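Next up is a structure, given as C-alpha cells.
As written, the chain order gives the labels A, B and C, with residue 1 at the start of each chain.
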Amino acid sequence: MSAAAIPAGESPSRRALRRFLRHRLAVFGLVVVVLFILAAVLAPLIAPYDPLQTSWARIRKPPSFEHWMGTDENGRDVLSRVIWGARASLMAGVVSVLGALCIGVPLGLLAGLAGGWADAVISRIADAMLSVPFLILAIALAAFLGPALENAMLAIAITASPVFVRLSRGMALDAKSTDWIEAARALGNPPWRTAFVHVLPNIIPPLLVQASLAIAEAIIAEAALSFLGLGQQPPQPSWGSMLNSSQRFLTQAPWLSIFPGATIMLVVLAFNLMGDGLRDALDPRAEKR
Amino acid sequence: MRASIKAILAAAAAILPALASLAPAAAQHLRIGLREDPDILDPTLSRTYVGRIVYMALCDKLFDINERLEVVPQLATGFRWESPTQLLVTLREGVRFHDGTVMDAEAVRYSLNRHLTMQGSFRRSEIADMERVEVVDPLTVRILLKAPSASFLSALTDRAGMIVSPRAAEELGRNFGTRPVCAGPFRFVERVAQERIVVERFRDYWDAGNIHFDRVTYLPIPDNTVRLANLQSGAVEFAERMEPDDLRTIQRNRNLRAVAVDELGYQGITINVANGERANTPLGRDARVRRAFELAIDRAAVNQVVYGGMYTPTRQPFPPASPFHVRDFQPEPRNVERARALLREAGVATPLTVEMTVPNNPDLRQVGEVIQAMVAEAGFNLQLRAMEFASSLQAAQRGDFQTYLVGWSGRVDPDGNIYAFTRSGGGQNDGRYSDPEVDRLLDAARSELDIEKRKDLYAEVLRISLGRDAHRIYLWHRKNIMAHSARLVGYRPVSDGMIRLQGMRLQ
Amino acid sequence: MGLWLLRRVGQVLPTMLILSMLIFGLQQLMPGDPALILAGEERGDPQVLAAIRAELGLDRPLHEQYLIWMGKVLNGDFGFSWRIRVPVSELILAKLPVTFQLASMAFVIAVAIGVPLGILSAVRRDTPADWAANGAALFGISTPNFWLGIMMILLFSVELGWLPPSGYVPLTEDPWQSLATTIMPAFVLGTGVASVLMRHTRAAMLTALAQDYVRTARAKGLPERLVVWKHALRNALIPVVTLGAIEFGRLLAGAVLTEQIFTIPGFGKLIVDAVFNRDYPVVQGVVLATALIFILLSLVADILYMLINPRLRQA
C-alpha cells in the first residue's frame, strides 16, 4: 500500500476518519475505549472510595445506593476496584503493546530493508517467539521471575512483538520494490532515512489496526494471568484477580463475578470493534460491509 | 390353579427380599474430596494432614483414638506400663500386611526403629524418648524409654505407631512412599500426583467385617467451591474441611449432611528466626518487630470476615477443650499505636517489607489479604506468596520463607502440639527457634505425669517463647466441617478430623 | 513436493535452535540454588551439594551447560520433576492425551458452530442473520473464557445438576462419563475458536462468492445452492482448514485456564501447578513441548495448504 494514488481534494486520513465515523459500532467502540482510558487515568478522582480500604462491617453487601456495585469479601467497594482495575488492564494492554511496537517495528523494518543476514536472523527469532503460545510463555516467566504485574507486561510485550515484526517487515519489503525508493537510494539517501520518510507513514494504518486488536488480546491476557494468581498481586485490584476471588462466593454474592467479568468483556469488545472499524476505514482493499 | 399361582407369588414375594440381601451388594466405591494433595505416602517421611487421612485406609497403627479421645487398640491389643520407662505392648494375632507377610513383634520393632532412625524421618522428635524395642515373643514387644514420657503412648496413635511391612520397606527403601505396603483395610492401587489416590479392599484385613467399600478414591481438590460443587453434584461422596460459609448451603441440601467438630489443632503464622539467610531480617532478628506484627492483627476481625466468626481466636497451641489450655494466656486486643511504637523502638524504617508464604487455598489467601490490610496500618508492607501446600512445607523446612501461614491438625496429648514446633531441633520447628530454658521446660513437661505441674510447665513455655520471643503467632482454633452425602452412614466424627472407614457404608 | 518439504523442514531448524537457547536461558532467571532444593534433608552437607552440582553440570561454563542440556533434550530427557522425582517427559506424555481430547472436542465444536455460521453470514450478507452471527462472533472473541466457564458451572452443575463441575474421566474408562466431564470445558474452549473460524469463513466465502467463476455459474443458470456449495465453499474452506491447524495449537494454550477451572488434569494444569510448586524443570519442559507441538502443527498447516490449494502446486 503506497502513498501513490491520492484522490484530489481529500487527504487519506480525512477519508479514513469519515469512513470510520460511518460505522456506528466502531464509534461505540472508540467511545468505550476513551472512557476506559479516562477511567484508568482519572481513577483517583472518580473512584468513590479507596479501593484498598477494607471495612469489616460491610462485607459482601449487594449493590446499593452507597455501593453501586456492592462490596467484596473484604468490605471493599467493587466499583472503585473496577475503576482502579482499569489501570492494571490499561498498563498491561496499552503499555505492553507499545513495548511490543517499540521492539517489533524497528526490528521488522531492519529485516525488511536490510535483507540478507539480518533478515534471516530476525525472522527466525520472530518465528521462535511465535511458536510458544502467549499464555504458556507468560506463565513460565511468572514461574522464573515471580508473579507480578511487571513480569506479566513483559511477557505480553515479548509475545506480541513478532506480529509487528512480520507486519513491518512485509511493509518494508513492499516499499523496497517501488521505484522511488530505488531512486532515493540512488540519490544517496541513507537507509534509515528511507525507512523513516517513506515506509513508516504507510505502515501506521495497518499497525493501528493490529495494535488495537493486540490490546484487546493483551487485556484478556492480563486478566487471565491475574486470574491464575500470576499477574497483579493483592491487594492491588485487577479484574482478573477479582474474578478469581469471586468464585468462592458464586451463589452468595454473584455480583462479585458479574461486574468484573462484564467489564472485561465490554472493554475487549470495544477494542475489537474499534480495530474492525479501523481496518475497514483504513484499508482500501477491504470488503465493504 | 389360581390359588397355587397366588401361593407361588406370595412365596416369591417373601423369599425375594431375603435372596436380594444374600446376593453380593453392588460394588461400593467411596470418593473423598481432600483439601490438599498429600506429600509422600511414607509414614516415616510424611508431614501432611491429608496424608494421615489416606493412612486411615492404608496403614493401621498400634493404637487409635475414639470419639472420646481415648486410646483404643488397633494393631496392638493392649499395653501395660511395667515401669515409668518400660512399656509392654501386646500385639494382635493373625494380622497380615498387604504383601501377605505376617505382622509380628519383629515387624513392629523394625517399624519403630525406622521411624526413629531413618534419614529425614519426621517422626523422630515424636518418639525421641524411645531408646530401644525388645522382642519378648512373636506377639509382644517391650519398648524402653530414656526417660518417663507422658506423651509417648499418644505418639503411637498416629504415624509413629504405623507398622510397615519390613520386606517391602527393605526392598523399596526411600521409595516406599511410591507403593506403600502396610496393614490397613485397603491396599494401594495407584497414585497420580495432584489428581487421585486409589486404594482397594484388602481381603485379609483383620477387621474385614467392618469394611464395606471395595474401592476408595481420594481426590485432592484445594478449591473449596469446586470441592463443594463436586459434593453437590455427586462426584464425591465425602468432602473434608469445608468452610463455615458453606455450612448453611450444605444444611439446606436434603441430600447432604454436615458435621462441625472442634479441632485439636490451630492455625498460625510461623516466623523464620534462625533458618538460613532468609531469617536475617528485622522481623527475624528482633522480637519487638515480631510483637509489633502480632499487635497489628485483630484475630477476631479476621475470623469474622473470612470464617463468619465460627473459629476460636487463640494465642496458644492448646484448644479450649484441652485440659492443658492456659486460661490467662489469651490474645491481646489489636493495638496499632503500640505496634508502631515498638517498631520505632527497634529502629526499623517503615514501611517494612515482609513476605508471607500462603498455601494456595482461597480462604487462606483471603486471610492473607485481610492481615495484609491490617498490618499495613502499623507500617508493614506484607507481600503474599501463594504456594501449593506440600511445596510450601518443603520450602519452609529449608528456610525459604520469612513468615508462613500454616496450620496443625493437633494431637490429643499437648506435647504433640508444641514439642516438635518449639524445641530446638524439633522436626516441625521450621523457624528454628531455640531457647535452652524452653528446651528444658519442654523436656520436663514431656516426662511430667502430674497434670497440674505439667500445665505450669507449658504455661511458662508460652510466656517465654510467645510472650517474650513471639517466635510464632497463633491465630485461632478451627472447626473441621465435614460434609457427606446423605447416603453415607456410619461416619464417626472425631476431633482429629480423620475419616475412619470402619463402619461406613453407602446406602 | 519432497524437495519443498525438505526445504520447509530445513527452515524450521534454525527456529528451533534459537528457541532452545531461549528456553535454556529461562533457567538462568531462576531464583535460588537448585542444588539446595534437590538436596532435601541433606542440604547441610557440602559434599552432597557438590555431588549434585557436578551431576547437574552446574559447575561448568554456560555454553557447556547448554550443550549438555541440548544433548539430553534430543534424547528425550527433559529433566526430572523436583516435586515427585519422575521424568518430566513422562508427566507430559501422561497429561497430553487429556488435553488432546479436550482440544479435539473443542475443535469439533468450533468447526460445527463457526463454519456454518460463517457460511450463513456470508450467504445472507447484511441481513439480520448476518448481524446476529457477527455479533455472536464478536462476543465469542471478547468474552474471557474463564468467566464463561464459571458461569457455566453455576448453571449446569450447581443449579441444574446435569453435569459434573470438575474432574475428568478418561475416554477409555467410561465414554459417557468422559463426555460428561469434558463437554463444558470443550464448549468453553471452542467458543473462542468458533468466533475466529466464523469470521474467516465469512471473509473467505465473501471473496469466493465474488469471484468470476461464481458469476459465471450463476449466469449459466445453475441453482443458487449448487453455486454456493459446489464452487464457493470448496475454495472458501482452504484458508479455514489451514487456519484450523494453527488454531488447534492455540487451543493447547487456551486449555490452561479451562483446565484450571474444571480441574482437568491435563497439560495446561500441569504447568500452572508447576508454577505454584516452584517445579522449574516441569515449567521448562512444558514450554519446550508446547513449542515443538506448535512448530509441528504449523508444518502440518503448510502441508495441508500445499495439498489443498491447487494454485500453489507448481512450487
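Please note the rule applied: a contact is a pair of C-beta atoms (placed from the backbone, for glycine too) under 8 Å apart; a residue touches a chain by one contact, two chains touch by 3 or more.
None of the values given here were measured: they were computed from a predicted structure.
For the criterion of most C-beta pairs in contact, the winning chain pair is A-C.
Think of the whole protein's Cα atoms as having one middle point; the chain whose own Cα middle lies nearest to it is C. When each chain is reduced to the average of its Cα atoms, B sits farthest from chain C. Between the Cα centres of chain A and chain C there is a gap of 22 Å.
Rounded to a whole number, the gap between the C-alpha centres of chain A and chain B is 48 angstrom. Between chain B and chain C, the centres computed from C-alpha atoms are 41 Å apart. Residues of chain B in contact with at least two other chains: 223, 360, 386.
Listed for chain C are residues 153, 158, 276, 278, each touching two or more other chains. In chain A, the residues that touch at least two other chains are 147, 229, 247, 250-251. Only residues 52, 54, 56, 59, 73-75, 147, 229, 233-235, 245, 247-252 of chain A touch chain B when the two sit together in their complex.
Residues of chain A touching chain C in their complex: 120, 124-125, 127-137, 139-147, 216, 220, 223-224, 227-230, 240, 243, 247, 250-251, 254, 257, 261, 264-266, 268-269, 272-273, 287, 289. Interface residues of chain C facing chain A in the complex, by the touch rule stated above, are 14-16, 18-19, 22, 26-27, 29-31, 126, 138-139, 141-144, 146-147, 150-151, 153-154, 158, 203, 206-207, 249-250, 252-254, 256-257, 260, 271-272, 274-276, 278, 280, 283-284, 286-287, 290-291, 294-295, 298.
Every residue of chain C that touches chain B in the complex is listed here, in rising order: 32, 36-37, 40-43, 83-84, 94, 153, 157-158, 161, 163-167, 263, 265, 273, 276-279. Residue ranges of chain B in contact with chain A, taken from their complex: 223-225, 243, 245, 249, 301, 304-306, 360, 362-363, 365-366, 368-370, 372-373, 383-384, 386.
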